[in-house]
């Protein structure tokens, strides 16, 4: 039983960490895609959406090639920093981050696009620099969509399987996540364990979504366009 | 006040906004039918839009000069802007809205200090309220105060009385007069209604389909 | 209505293509991953001789057994160990009279072809220079189960278990060594033979290693039982035996 809780705890904290780590880049990408037109924008849009539409194992394979010891990134980490990525918890983190990134960007982008640019303009005339405008006006007004995006990203990370199994494997105690463990239990014919883990997955997802809804309800009454 | 608007050219939907005037009055009105380009002109002066070509200079300070690629960002222009939709930040209470651009380095009691501005516009009791609870007239005064609290060198007002009934207009106009007299800030006042500008403005510029039709000094 | 010549030509092509694709009989074989290349070659020979078509599903034997338990429409199960076949027999899912084993294999420790690690005996796997060892999942997949059995016998399992990276099947362990992500793996000798990117560091002698056996059987609910029996017989024929031997399998005394 304690092994199962270890799996739950591991899955939860790596998924939470992954969601937090993709926040800066995710918000930046969302803002750039929502507000400006620039050369190469449609290429960037496509790249960001790719993990969403490609088969997860395909994405996992690309990650394995990049993060393995002989890979572009993994090689650097292994040789210079003496750090392994593939087949460690870092690979789980990477797989989850990549797979959930598009969900955060999509939600945040819509939220940013719905913020009336007039607010940002007036903020500038009042003397705010770009970073101040972003953090004091844009982000608070887009808060709902950002939270929604983070919930989606977290849930996606919790349930990640295809890419994770490719780049991190299912190493007991080291990279075994909830999804991987359910699969393993089914394979071994351990249905009771599989259903226990399934129940925990559902409970986790439920709590995540419910918390998100609660958070968003607290900020009710906020509207984007001025009276 | 000296405001140079030289060789301004900005393509809009149906026509090109072309303005070439020099404004030297304390309160200047820009009147014209809706869609004449008045708001776009204010946006250019505030630095919220970039023109195809222009030289915009306030006093000795060049704000925009396309000839040498100079463009001062809005935050450095020290120009207050009260837009037509007021744009009061809905996620901040009134007090935070007012203080958003406030130059807190000013000594208490000075002309643009919080206490003074709030007193002149009579909005002290609104400070803790949410923006959504305010009446139309109250919102306008708050928006005005917010712009004033940045100690601007020029105040841009886009249709400040639009959509108000006669009674409310009559109540707001004295406040605008107070702003003109008390704070001595030059104002650029956009309206489609010539009547309301009579009392307040020294000079009237007529804008139609992006062209300046006339420029007349009222107090001549 | 006038139909263009081009369209008529296209229709003809379509009909011809469909006609060619209808096989006489299709036999579905669920086989262990280590049998991938050998069985595919044997099946190709068989298809040329008869008009039957052989369809494969290669994976870890434990996964295949599970799929069959869940009702997957297979005709033949060709497992890499007796345990997975017993699992199905105990559930009454195989035709017991068709069950037979005549293949065996050897375990080897492999390293990357360009590896400079000195691994000459199994004990060397406990060295600190060996950080990760890939095995087909030792909890269920035969190759991993055999490896674990061997390491336990050598009293090395406790030291090596923390280093184990379990893979879905034995070819996954092979790939992990090829990509350099693990220092070593234990796979079948037949798997090491097909890859140029790995080299054998140690071969477990038949006498010291676990008893490796590849049982095969026709399944009780096979959609094509007669065709399946025919192919099973072919798998046991001298012709097939030659192919298995070519790939490095140990062919036990052939059935008469």
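Order as written gives the chain letters A, B and C; numbering starts at 1 within each chain.
Note that in this section a residue touches a chain if its C-beta (ideal position, glycine included) is under 8 Å from a C-beta of that chain, and two chains touch if they have at least 3 such contacts.
The structure displayed is predicted, hence computed values, not measured ones.
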item	value
Common touching chains of chain C and chain A	none
Remotest chain, chain C as reference, centres from CA atoms	B
Chain closest to the middle, measuring from C-alpha centroids that were averaged per chain	A
Chain centre separation (chain A, chain C; CA means) in Å	37
Length of the line joining the C-alpha centres of chain A and chain B, rounded to whole Å	44
Whole-Å gap between the CA centroids of chain B and chain C	80
Of all residues in chain B, those that touch chain A in their complex	46-48, 73-75, 77, 79-81, 83, 85-91, 100-101, 103, 131-132, 139, 146-147, 150
Residue ranges of chain A in contact with chain B within the complex	116, 118-119, 121-129, 136-137, 140-141, 221-224, 226-227
Residue numbers on chain A that touch chain C, as the complex places them	64, 68-70, 84, 86-87, 165, 169-172, 184, 186-189
List of chain C residues in touch with chain A within their complex	60, 62-63, 66, 69, 87, 131-132, 137, 139-140, 164-168, 176, 179-182
